[in-house]
Amino acid sequence: MNKINKLKIIKNQALTDEIHLLSLKVSDPLEAKPGQFFLLKMNERYDPLLGRPLSIFDLEGDKISFLFRVKGKGTKILSKLSLGEEIQITGPFGRWYPFPQGEFAVIAGGIGIASVFYLIKKFPERAYLFYGARNLSEILFYEELKNLCKEVFISTECGRGEYKGVVTETFREKGLKLNLPIYACGPMIMIKELRKILEENQSNLQCFVAVEERMACGLGACLGCVIETTEGFKRVCTEGPVFKIDELKL
Amino acid sequence: MNKINKLKIIKNQALTDEIHLLSLKVSDPLEAKPGQFFLLKMNERYDPLLGRPLSIFDLEGDKISFLFRVKGKGTKILSKLSLGEEIQITGPFGRWYPFPQGEFAVIAGGIGIASVFYLIKKFPERAYLFYGARNLSEILFYEELKNLCKEVFISTECGRGEYKGVVTETFREKGLKLNLPIYACGPMIMIKELRKILEENQSNLQCFVAVEERMACGLGACLGCVIETTEGFKRVCTEGPVFKIDELKL
Amino acid sequence: MKPNTEVKVGKLILKNPVVTASGTFGYGLEYSQFFDLSLLGAIVIKGLSINPKEGNPPPRIYETPCGMLNSIGLQNIGYSYFVKEKLPFLKRFDTKIIVNFFGENLREYIELAERLNDTDGVHALEMNVSCPNKNSHWRKMGLIPELLKEAVREVRKVTDKTLIIKLSPQVTDIAEMAKICEDEGADAISLINTVPAMVIDIKTRRSVIGNPVGGLSGPAIRPIALRMVWEASKVVQIPIIGIGGIITAEDALQFLIAGAKAVAVGTANFINPLSAMEVIKGIENFLITEGIKDINDLIGTVTD
Amino acid sequence: MKPNTEVKVGKLILKNPVVTASGTFGYGLEYSQFFDLSLLGAIVIKGLSINPKEGNPPPRIYETPCGMLNSIGLQNIGYSYFVKEKLPFLKRFDTKIIVNFFGENLREYIELAERLNDTDGVHALEMNVSCPNKNSHWRKMGLIPELLKEAVREVRKVTDKTLIIKLSPQVTDIAEMAKICEDEGADAISLINTVPAMVIDIKTRRSVIGNPVGGLSGPAIRPIALRMVWEASKVVQIPIIGIGGIITAEDALQFLIAGAKAVAVGTANFINPLSAMEVIKGIENFLITEGIKDINDLIGTVTD
């Protein structure tokens, strides 16, 4: 059952110039699965008007966390809210990542880590994580991830870290042969690249990706968030955000 | 020269449930006279859209203060801003209270004290203050005022304090005979009552009142803030907010 | 004592004047997880056509100052699927079901109205005359008085259920359009649909949505909608459903006071799924505070 | 290298495409305390009539979501006083002076246009065809094509200064109205004036302003204005001045890309007296960042 909650901010921390970790105190018990998201409404006024979709980054005890990049007006306001202020979150919404049966591979590009962290945490010591960012300072929660995963492969475009280049290249080299189901979240260009790699290798590995589209209702009513799939338009908020990669028209 | 300043909040304190004292740190030297006002813009977004006019309550050294009642959306947001946040203030605007030559009488109703406090402070030990509010808890800065004024007469509607009833009644009894120029700020009903008293007593005392009207530009350009006077419409922001009481059509 | 909140719109009696705006409440189902739909005055269903419609290419929405732009393109599941898959569920609630509908041409409007007339569980028809089919002359029925006249007349012939005409704000004289509906026998009018609008991405130099032009909704347009309801209510006797940027009970009350018999909550549902509930509650509280025993005593009481 | 920002509107060459919207910048004077008016592309003066006009009773303004309602009622000091008391001051600045004007009837429009034509220091005329005189048929010249046609034709006859027609958004087809202006010889059009709108105080059950209906301006209406500029720019060759909710350079750039040759900053002046300045600076920066050497290469480059 989806709910509307007014929750108190207990942490709002800048991890980098652009990326913030926001934690809220959960009053009523809240349940959410990895890959699902909430709509966060920044203030009571009408500008910004709509809630902003953020993936559940972590949920433990009475604390729910979101990891977000400051992008426009909404996330900017979010990043400036003070401890103790209340914020309305509605959800959880959307389809979660199908639970992995055994080991699994994860590909995270940049802020995409926000969507897969909770998955990795729920199934500890089963994930091979391929995590890429522009530079090393944007690789977040490295220690935790190291502990939670079987193995972590860090790629940065600037070349520092273990691998130089985009995360999909590292996956092509080290990940494909693992022969594990894939869970991926990152920019569209990463998803496209990933699909190309899978196709080129005639791989029939299961591959789940979380995608983004602008949203209004978050619950399937407005038909605003559709993307093109092989079966026509589908709503990211309800039929997604997790899709099989070969469903998508990229 | 009017200016646009972004100033840091150094104090934002609730004095009562509804009344807040906001102090900002002045960077460039700022000059403003009693009775003038500034437009305060609460945030960078467009809701609320316009600045809100607030009288200068106090200005000393590098600190400017406003005293305001939480009325609607704008003042509510204002009351919740945190220390260290910046806020845009434009001004000072408007005609100030003509400087009193010797002693003078002041009538303040409720939050009207915000407009006359600085006047009293600028000319210490010359004011006879008639100050009224609904109840004693809304009588603010009593000690300071006591020190700054020749005499303070407190009226409350609930009857606690020195005089029971509306402030104009106390003035009728104790103030008229002082035969001093009058400076008044308070709700329209108080201004009306005051005029009635002056007329009934065929008084030709000078009487200056500060009035309110909704504003957009604050500087005379939009013609939005006019009130009716004996000489037609006048702009509160530039021809006011201080008017001679007999100019007003009440 | 609980004040009376019942209002009459055509042949329908609504338990309260708050309905949901078409296209913002899906098929009801989506919101039933948040509250009991039986509490609503009525549910207005997403615009329906005879055949399913795919709608416009994404992106379909964009946020604007205090509003949003949409170009959903009337995507819908089509009449048959609606009747089979959605209506049975909706029938379980003690509220009125109003079906918003459109066609690619006048013939389709008439045909669908006929079918809806014969469909059990559909209590009223809301005819959307801002149909965006670019190839059809009839597309302009919401804009050109003569076309509107004929369209309402023809559709009126095939249904005796309550017929509501949902008008476009893109006209000079909304009162004239309202009067035409009344004269041609419509039972009520809905005011307003979204306002045609546009936002350009200055980097790509393209519209931010899949179509160049979308429909603007939300609080930004509320004062425009209210003005239109007021203008229309001065010339027609039939009920008006006020729509446009209603978020709170206060907003809704403005429309009722201006002359609307009922109000629809639209974009607000996206911001807070409980909006309609809160509007209902707030109206009731206002009536109690103001000592108004019957909401009908409040409707249209604005003084110029 | 500094990109070229000069644009031509009729016979006027503006040093940059940013002007101030009539009624939001007073007589210029009020803002000269904040910045050097010579930096502006042009100043558009508050609507002027032959005789002084008192305007509407207060309250005259009200804030709405991301916008504001006004019913100033075209209060102004009248032609003679303007020429004597305001124009000499304005002449001191190296910018263009555009006088927005109106009359109670067509005769007055013509007479004032004649006078302004002969007035030194007035560079162009902006004819406001949304004149709110309720007693006159001519009041509808902004709404009814035939009236607009005749009005523009007659006024065109008496002036060879740049004649700009400021259109009302309260029409079905703004492109048609724009085309009429072009056909009748207008040099440019301004789009849009405020949108008729209303807010009711639910306690008093009256309008929150002195008149029932006021004009809505500000960011709320920006997407509507942009759509209209885009629609008009597809059918006319004459320059369009884009107006409506422009606060930032990004907003202004949307209008230019949609096809406006210039833009006017209105309500934004109230929020930040330096708005027009910041828009000018921001446009320049954008041109530099995007490597555009001449602003005219940006205008109208939107792709559908």
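To keep things simple, chains are lettered A, B, C and D as they appear, and every chain counts its residues starting from 1.
We adopt the following convention: contacts are C-beta pairs under 8 Å (C-beta built on N, C-alpha and C of every residue); 3 or more make two chains touch, one makes a residue touch a chain.
The structure displayed is predicted, hence computed values, not measured ones.
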| item | value |
| --- | --- |
| Chain separated most widely from subunit C, comparing mean CA positions | B |
| Chain pair with the most C-beta contacts | C-D |
| Distance from the mean Cα position of subunit C to that of subunit A, given in whole angstrom | 36 |
| Subunit C and subunit D, separation of their C-alpha mean positions in angstrom | 34 |
| Separation of mean Cα positions, subunit C and subunit B [Å, integer] | 47 |
| Centre distance in Å when subunit A and subunit B are each reduced to the mean of their C-alpha atoms | 52 |
| Contacts with two or more other chains, residues of subunit C listed in rising order | 65-67, 218-220 |
| Multi-partner residues of subunit A (each touching 2 or more other chains) | 46-48 |
| Contact graph of the chains (line, ring, star, complete, other) | complete |
| Touching residues on subunit C, where the partner in the complex is subunit A | 23-26, 30-31, 33-34, 46, 54-55, 57-63, 65-68, 70, 72, 75, 218-220, 247, 267, 269-274 |
| Residues of subunit C touching subunit D in the complex | 64-67, 69, 143-144, 170-173, 195-200, 202, 205-207, 212-213, 216, 218-224, 226-227, 230, 245, 250, 253-254, 257-258, 286, 301-304 |
| Subunit A contact footprint on subunit D (complex, rising order) | 65-66 |
| Complex contact set, residues of subunit A against subunit B | 45-48, 73, 77, 82 |
| For the subunit A and subunit D complex, residues of the former touching the latter | 46-47 |
